[in-house]
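Pasting the structures in now, so scroll down.
Heads up, the next two complexes both have chain A, just with different partners, chain B and then chain C.
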Partner chain A sequence: MFTKPIHTKLLYLAILAAALLLPWYVPDAYIFQIVTMSILYAVAASGMNLILGFTGQVTLAHGAFFGMGAYGVAIMTKAGIIFWLALPVSALIAAFIGLLIGLPTLRTRGAYFAIVTLCFGVIVWIVSGNWVELTGGHNGIFGIPRPSPIPVPFFGQIEFFSQTSMYYLSLAVLLLVLFALYRLVYSVFGLTFMAVRNNEPLADSVGINTYATKLISFVAGNFIAGLAGGMYAAIMGAVSPSAAGYMLTFNFLIFVILGGMATLPGPVVGAFAIPVLMEFMQFLDDYRMLIFGALLIVVIIYFPMGLVGGLRRLNQKVAARRQQKVSESGHASR
Partner chain B sequence: MLRVESVTKRFQGLVAVQDLSFEIIKGEILAIIGPNGAGKSTVFNLITGTLKPTSGQIFINELDITGAWPHQVASKGISRTFQTTSLFDQLRVIDNLMIGYKWRTKLGFWNTLFHTPRWKAHQAETYQRAMETLKFLGLAEKHDQFVPALSQEEQKRLAIGIALVCKPQVLLLDEPTGGLIQEETDRVTDLIRRVREQGTTVCLIEHKMQMIMGVADRIVVLNYGKKISEGSPAEVQSDQAVIEAYLGGEVHA
Partner chain C sequence: MDLFLQQVFNGIMFGSTYAIVALGLTLVMGILNIPNFAHGHLYMLGGYLLFFFGSTIGLGYWFGLIVSVAAMGVVGVLMERIVYRPLNDQPHINAFIAAVGSLLFLESFALVVWGSQGLRIPNPYPQMIEIMGITTSIQRLLVIIGAVLLIAGLHLFMKKTILGATIEAVAQNREGAMLTGINVNRVSAMTFAISAGTAAVAASLLSPIFMLSPSMGAILGMKAFVIVILGGMGSIPGAIFGGYLLGLIEALGGGYLSAAYKDVFAFGALILILSIKPTGLFGQKEV
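Coming up: the complex of A and B.
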């Protein structure tokens, strides 16, 4: 029902191989750190894509849920709870707060939900900068311990002191999240998300509980954001209010939109391509935002499915042309 | 099997449906007709839970469904189509139908995430039922296409299919042939007959008199939200009140 052509599969395999071998050909620690961050942003943006792209609910609080995961892990590990427990608990807290926010707001349609989540995102950011006892205020929390080693029978143990090990851990989280999303989205259950996005009254009339569907999507998306945030805290070793800020939300939003809404690779492509693009435009200072804004508008109008959508269209055109050529030469030979 | 009992719907001052009672009998094709603005679509919206009645009750097999949510009404075996052809136009034809069957399955979050045996069985069953319905609609070869690639008539057929795929007890069709030419109308009418033959009770709203008289077993006539006549096509045609509503007396341009 939902299969991909062989050359697309090969491309994904090549990218996976390149990602697994990355520590061997990236010598620069700075770039390595950026790549690791991009992976975490890709995880968070994939969660946002579930809500925004597949279910069509414009959430503008994703940075806040990322921050809850980050602060959750920071606070809990500093209090002596091991990382492996703190991470899922933090993600669950983000998901639960998402549920509380979603319960009243997902009854509304369209712009109201966007406005409420935007306000909530800003509130979380302000709280994280001012609740000094819990969050350390604007200074944030320092000295977050690395994850404790995992014992492996006959092998010793896997330690997480090096950057490389944290990179692999992040990559594993990304692959796990993508795998889970792949299962959810490419299924009859996933179709109900798209049904809600596409035509809510019709979805209602064919027996889909649209409210529950939106809630599930929102809660699952925020769980993923919390997961990414928790990883972020452990890798950076410190969190500050910028890890819960609305600027982060808009970064995720740009990753999703430019990368490709409602496509699984889209947010990942966005999270890697946009920082590179930003780096190239460094010489423009703040003016690069101007160009970015224009780019965003062009993409939304002409490439509603972003970079990945554009590539797919190109792919289809090439396939169609090849088909045509084959049938033409077939006619000629007769 | 589906009974509407003295239902009234007011929008602020305006009375859209007034003290309306009628019943859809198992196995029949019932038509609801009436001039524009008579409240026909409002009746469908009241039955399916899109609108809540101001007063009165609605029963399916003696079960009170007044004021239930649309998705709950659907899961009681009442399906509908919309006046303006309503489809999931960003998705493929087969996806449209699989969505329509989902409430009959246990294809929820956890089953899907962990690919349980139940998931496998239900996913296959959904696909099979969707393909079966596509064959019934005569759209089997188009299962892989996106909705905008379909013709107007095919889209109308698909809209009926989305409502039909879950094997409902009652199918409510809101102008299933609106905007179609005669030839296409005949084909859709034939489809409606076949729907009834395979065991689904049909209630339809339509404007095309010739088509109604040919297909309906019984007719309910509405005017200004009130029922002015009910009976077989022959009875309704000769009813003085109906003739007046359509032709004589007050003509509203």
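Coming up: the complex of A and C.
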């Protein structure tokens, strides 16, 4: 049911190889930084995709949960807790706050849920700019230490001072998250997410606990956002309220929608394609968001499946046509 | 006591703006069932258009106001036609996303055309007057009077004219309205025009007092949502009452508790109320 054709598998393998070898052919530190950031955005956007794409709940607080992870790691590592403990704890905090917020707000539906989460996102953003004792106010927190080295027997230790090592760490997190999502979404339990999205009353009537399903999706998605945020803090070395802002949420939204809602590669493609596109459109300066705003509208009207969804449909059409031709020529020879 | 009265006065002034903006939003949400996330940004654009027509072209405040309101009406029609109408039959989630797209578009449009620096519209009535121990400028008084006139005018339009009745008919039952021969698409476009136009009025009244900036629509738009949800989607009295209530809560909360966190109170109240009653305070049960 979910098996992929061989050429798709080969494509994924080629992309993985290209990603692993990236430090050898991208020497430019600036581009390298953009790629590393794209990986983190891909992680966060994948989490949003779980809630938005697969479960159909328009969460507009994703930037806030990203920010909780970032501030969590920043505050804990500055207090002397090692990164390897601070990262999962921060992600768990984001997930726990997601649970507390999800419990009441997931009773609302559609537009109401979107607005409630947007309001929550703005509250987190305002608090992160004003709670000076905890978050450093509008200046944020500087000088976040890099992750401590991991000792490996017979090998020495893996250090995380260079950009390259942080790149591989981010890549590992992305692959781990994608694998987890793959196992989750294509399991029988994952099908209930899509059942809730497609028809909530129907899902309810066949015995799915829709409220619990939405809650699990929301908490898991926010855990992933917190994880991405924690990595962001360690790589950037500084966090400011913009790492928890609602503009970040809208960026994630653009990645998910333009890349392709409810597909696993979609948010990853979006998170890579769009920052790269932005870099190429650097000369356009302020006009960039103007174009992206318009692009978002055009895509949602004409290609609601996004880039990956569109490619898949094209692929299916080509395959169908080929099959038709084969069967036609078969008839002719007979 | 004077401070208290002053705060109440400010609250009523802000409340007037909130009431008008929420009114426009509740009309659109009642009719199309689409949360127009970009509504606050229509308000922002209205302010900038007043700057453009009034100051840059030099029509002056009042002519600039009339032209900018008319222009915003056209913007509203275009928005309905280009962004929302093609999404009528698609899942609701797509309309939210299109709304976020238009919000980003409008904000960066203002940023590109007018820059991120705050702009000031010359205040046509800067004179100060004193009533009952409250010192205020005439412009501030104008905000309150203008809001009352606009609300009264809109009420008469909705209740006494056929066009207003068609809006209400579509809000109550879309299919039923179609059956009686109402052109639903035209009513939607008109509602959007009124909604954008009223937002422009609010912006025109308030902007001589405060600076214009491309980001000023975002928070205001969200507050309008808070009001609409508290007052019940599509309820006009709810929007007016909620607008003044929020204005007063903010003025008193900001004046006596904490100015930095005043928006947190409003949004926190929304989360709390929707947690207890998921369809809003006066919302009907959904089907």
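Keep in mind that, in the parts below, the second predicted complex is superposed on the first by the 333 of 334 C-alpha atoms of A that agree within 3 Å, B and C clash if a C-alpha of one lies under 4 Å from a C-alpha of the other, contacts with A are read in each partner's own complex, and residues count from 1 in each chain.
Assume contacts are C-beta pairs under 8 Å (C-beta built on N, C-alpha and C of every residue); 3 or more make two chains touch, one makes a residue touch a chain.
This one's a predicted model, so the numbers in the text were calculated from it and none came from an experiment.
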{"item": "Chain B versus chain C as contact partner of A:I123, first or second or both or neither", "value": "second"}
{"item": "Chain C versus chain B, contacts on chain A by residue", "value": "C"}
{"item": "Touched partner set for A:L184, first chain B, second chain C, both or neither", "value": "first"}
{"item": "First (chain B), second (chain C), both or neither touched by A:A114", "value": "second"}
{"item": "Which of chain B and chain C A:A19 touches, first, second, both or neither", "value": "neither"}
{"item": "Touching partner for A:M194 - first (chain B), second (chain C), both, neither", "value": "first"}
{"item": "First (chain B), second (chain C), both or neither touched by A:A273", "value": "neither"}
{"item": "Chain B versus chain C as contact partner of A:T210, first or second or both or neither", "value": "first"}
{"item": "Touching partner for A:L202 - first (chain B), second (chain C), both, neither", "value": "first"}
{"item": "Parts of chain C lying in touch with chain A, wherever the complex brings them together", "value": "29, 33-35, 37, 82-83, 86-87, 90-94, 96-98, 100-109, 111-112, 218-219, 222, 225-226, 229, 260-261, 263-264, 267-268, 270-271, 274-276, 278-280, 286"}
{"item": "Touching residues (chain side chain A, partner chain B) in the complex", "value": "1, 180, 183-184, 187-192, 194-195, 197-199, 201-210, 216, 220"}
{"item": "Chain A residues within the chain C interface of the complex", "value": "52, 56, 58, 101, 104-105, 107-112, 114-116, 118-120, 122-123, 126-127, 130, 246, 250, 253, 257, 286-290, 292-297, 300-301, 304"}
{"item": "Chain A partner contacts - residues on chain B that touch it in the complex", "value": "48, 50, 69-71, 74-75, 79-80, 82, 86-91, 94-95, 98-105, 107-109, 111-113, 115, 119, 122-123, 126-127, 162-163, 166"}
